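The structure's right below; bear with me while I get my questions together.
Per-chain residue numbering starts at 1, and chain names A, B, C, D and E are given in the order in which the chains are listed.
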């Protein structure tokens, strides 16, 4: 009987392990291929150029701003969505997901139609001399547009998992909704927030289509790493690969450290 | 005192409501701008063409396959990640997030390096006469490559929220790990699975860069809606906008219905 | 309407397109069968769609499959086994990374020259290449790495003009889009792009002594009759005529 | 932040709402400083009532008034935060990410007390429930009884006007329970607010409460002081709690009482009309054969259940009527009592008490 | 799927592991069909022991053997699934998405019983805990007592070789508790496996168990039949459970017993060496002034605590020694007993029992 049990256990492991392994291979093999085809001897030389450094600095700055915006604006939105049971909420929620399906270039066009010189808000702004397209602010806006939905969806999911009676108890203890959120709600959904932030940050780091369309591509101002990769791909694919590997390394390190720190 | 309380309540609402409203505006205004600038009289004519229908059918087929792959391969992976406390897991998890940050075109190149004629797997496959790039299968692979990480991360987050004692009880009742997963674990994380699926599906529906690089842009075979948008953007931007609005409508309807059905 | 005159002839060139191409289509040999897979640069979208239609009308047994993308991507795809019969690229430089063993034949089939694109209202009143140096004129160019960017660099060098660049776009389409949407006051793009954009933009010609041209190679990758017929058709007068109607000059 | 609390903090509430299949309509009234124990079978609506008083579940009718403040009325309600209640539910519901001391200090902090003072008060409260050694433990490192004690300390730490305790002592071991009960008694004596205490333990109810409220199926079936209820229980459940056999019955005027479920009792009490009749278990004698003595009530019954309790045994009997007898361990062994056995039970007429329904 | 169960399903286990701050080392042994009650203060390691037996927490030492099957030994362990145990924890831990009946049918289904049969068995088990009316309710629609009853039904539905019950009756109202207790007694009698029952309720332990195991601070402090423990409790906690004053003491051979915490008792029992000494609370008399009668033990003490229990009162006393007295309600009012009051307590030497430690 113990033998049978072990057999069953191995069976269970297989049923789960084989598809999981397939999933890992599907995701990791292409990365491996990228690494295998990299000319490692050139890597450092490819990366130690002012262009790469400028783009790297810009990428890190804008993605940090984006992450901060997600945290500041996305968290309250996720909270309100999580506790609303109004039937309209579900359509609002679906609407918020749209930036995910919009081809990024179209997203960029939509942003231009909003913030551009002739856009529905941009017109008013340019009357005050404020120009958003082709600036670093535009990069942040584009990145926020595509990554905020990830954050909101991930965090809302986590917030729905909270036991509502915990809030009831906190409220009777004299906590306002805000205080409850700050002292109990948020700390308890920290894993969800961290994973949402990771998703959003990663998405922003890789963002290309909306950025190029909305913010353009100017070194030092709007040329982030993915834009540089694209530009280099036309000229020297090997340099593009090297920069991709830099992107890859940054994300693995940041996400690994972040998750190790915040997720359990 | 009641008055003070009400004041405080309104204050709380504001502190949450204002950023949430900003977040909604940030996401919804561009969509609104897109709708405002659409030539509605032409919309139907633009969409009622065989090219659009072919692309639509292809998009729906491939994204459904992608969603199915996420479900079949991603769920076991999420489960194994969620219960592993091995220190290596966190780096594996970070590695799996990489397709998110890889500029999609680089992702496409990596896929070509893997499955292409000279790729690390493609070489062996073409010996058997199997060609993956530039086929509908390649579209599905590209979409899966970019959306599986979303699914795995969202579902893993939900799975970590499960009370481990529920599993302990189910096991003592005679359930194998698999049976527990099927009968208790998965049903309880259904909201997480639904939201992960929504994220992954939406990401797949909007996928462009990896697809065009890895699968090419052949009508009827690999030309999905976003690729058609790209082609039409060159030819007639108005048609491109019309197709974007189609994409937008599909996603709102599908996500609204899905979430209404599965998420509470 | 200020500064619109130089573009007059280029838009005029797009005029009588369709008629000529069908006339020459009848000359093709009958009885050909098969599929011709054409990978073409995105800027060829309209012209190759028209050529495809004409060729298929002339050869009912042949199916032409087209796939449009950026030249660099297309080359990468062919290197990795894309099932392509014909590769049509924007600029011969793009063909450099191509695996030469796959190439059966290479011919230049079209040429494109640069032109300044401005919004229809021409808000910055751009009349010549010299206006692009004004600090009030927002200029977008292609990135230095892509062919149209290299060409623009050369042109500005020749004209001794330092333009007020706000963005260096990754491809010509993105460059043009900025003008289309009214975000930029001027962009340096190909003449064919200005033609394809119809009334969405206006062209301001760049004088010949500064202008730079780009040659489009057509590369044959398979050695079957249908493919040879297709390439021959592109190079024929009918093909040339169609290309010309979309703003391409002869090589 | 801290409201000036009315010195007159009596409770006057009527809780009406539907929950699941049952309709709840429970009135509770208590003077300042009183302890009201709410008793009732599982699922009768006790927790629901407590949640409604706390402002967690909205009323569908009725009102909640504490002192001279109106806390709720249909259409107007204060949030739980504005109510000054202390709530402890049967699940301890500790904040899982906070250490024990921070859980207890949470209330004082939220009510505006400075950090240091809150902490001192939390340490003090934890000390009172015997958890000084575990102040830094996280909830998942606590046993169920330890968690219940922290939850109790947390509810008490804000010195609320209305203290709502849902089975506060159920998870405690007898030793801790006795200590906590007497500690609670001492604190409730000093406390000028109203306490609502849900409990299944008759001992809690009898020793801690000034007034008992029995809730069955969402309705109040009896209220009164413990002494009232001990003397005259007025529902089957109240009978169980005080350990008496209780029957709804109808008396003629000749000392005969007809039980509604069947069976007749003979009594020396006045018996006109609708009455409650009680038989103390200790007054029931068991015999192998039909008794011949002076007992005027005797029935042949079947044993359904025997449980030992300290030095005596409780024997459940069923037949013409259902009856619980309490007999000495000697009788258990002398009669070799066992489940299923047929026995005679007798009760003297003087032991059967009746009072009007 | 269903294993052939050995007919000889005795339990032989030694559970050793660290949990939080305490080191657990608990040995449990029971013959087929026996019920072992595990008692102990909060946080003493009872739940931990139960989880280890179920295979949820791995042992760090010791073993678990049931019948002739080795379930665990360091380095070799069966999963919970391979153990045939029934587990009910103090939190009911129902599967929140399954209706009551499906929760109960889960075990039989998992053990390979056909759907219809599982359902029938589930309905039957729910009926036995009095929940026929709520078979289709979802867990969140159940009160805490109802949820506990479903969890109990679920644990029993698989007819396990080893049944682990962690405070199964704590959330039940007295009526249901009495019914469930006797139902449990009946079922455990018919059951050939071993039951481990964690409880804080002396009544559960005394009426349901064949053997009591007292666990304090992770160690077994006493084992024995209920009768053994009632007669000779061997730890302060066991003394509380059986309601006796218990002292660890040292006797000279002249009838004097020196209590380890302080104080001396005079007894008529043999008193050589290390002994336990017990004083029944009922044998303690209280007086306003120093008593003059025949009682050989008399101390001036202070009242720390008075609680009423049915017809009598328990009075906690402290001073030279701590002592609980049980007196009638009449004495309480006659002496006007109140907390803080100084009284004399006396005990006859014949009431003080001693037995070796």
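Keep this in mind: a contact is a pair of C-beta atoms (placed from the backbone, for glycine too) under 8 Å apart; a residue touches a chain by one contact, two chains touch by 3 or more.
Since we're looking at a predicted model, the values are computed, not measured.
Graph distance from chain B to chain E, where chains that touch are one step apart, equals 1. Ranked by C-beta contact pairs, the top pair of chains is A-B.
Summarising the inter-chain layout, the chain whose CA centre lies farthest from the centre of chain E is C. Put simply, the C-alpha centre of chain D and that of chain E have 22 angstrom between them.
For the pair chain B and chain D, the distance between C-alpha centroids works out to 54 Å. Each chain gets one centre point, the mean of its Cα atoms, and the points for chain C and chain D are 88 Å apart.
Across the assembly, chain E contributes 79, 81, 91 as residues in contact with two or more other chains. Counting partner chains per residue, chain C has residues 76, 177 touching two or more of them. Each of residues 9, 109, 113, 176, 230, 233, 237 in chain A touches at least two other chains. Within the complex formed with chain B, the residues of chain A that make contact are 8-9, 11-12, 15-17, 19-20, 22-24, 26-34, 36-37, 72-77, 79-80, 85, 90-107, 109-111, 113-114, 119-121, 141, 144-145, 148-150, 152-154, 156-158, 160-161, 176-178, 181, 191-192, 195, 198-199, 202-203, 205-206, 208-209, 225-226, 229-230, 233, 237, 240-241, 244, 247-248, 250-253, 255-256, 259-260, 263-264. Put simply, chain A touches chain C in their complex at residues 109, 112-113, 116-118, 133-134, 212-213, 215-219, 222, 227, 230-235, 237.
For chain D in complex with chain E, the touching residues are 20, 40-44, 46-47, 90-91, 134, 137, 141-146, 149, 167, 170-178, 181-182, 185-186, 200-203, 206-207, 237, 240-241, 243, 304-310, 316, 339.
By the touch rule above, chain C contacts chain B in their complex via residues 37, 39, 42-43, 45-46, 49, 65-69, 73, 76-77, 79-83, 173, 177, 180, 196, 200.
Chain contact summary for the complex, chain A toward chain D: residues 163, 165-166, 168-176, 179, 183-184, 187-188.
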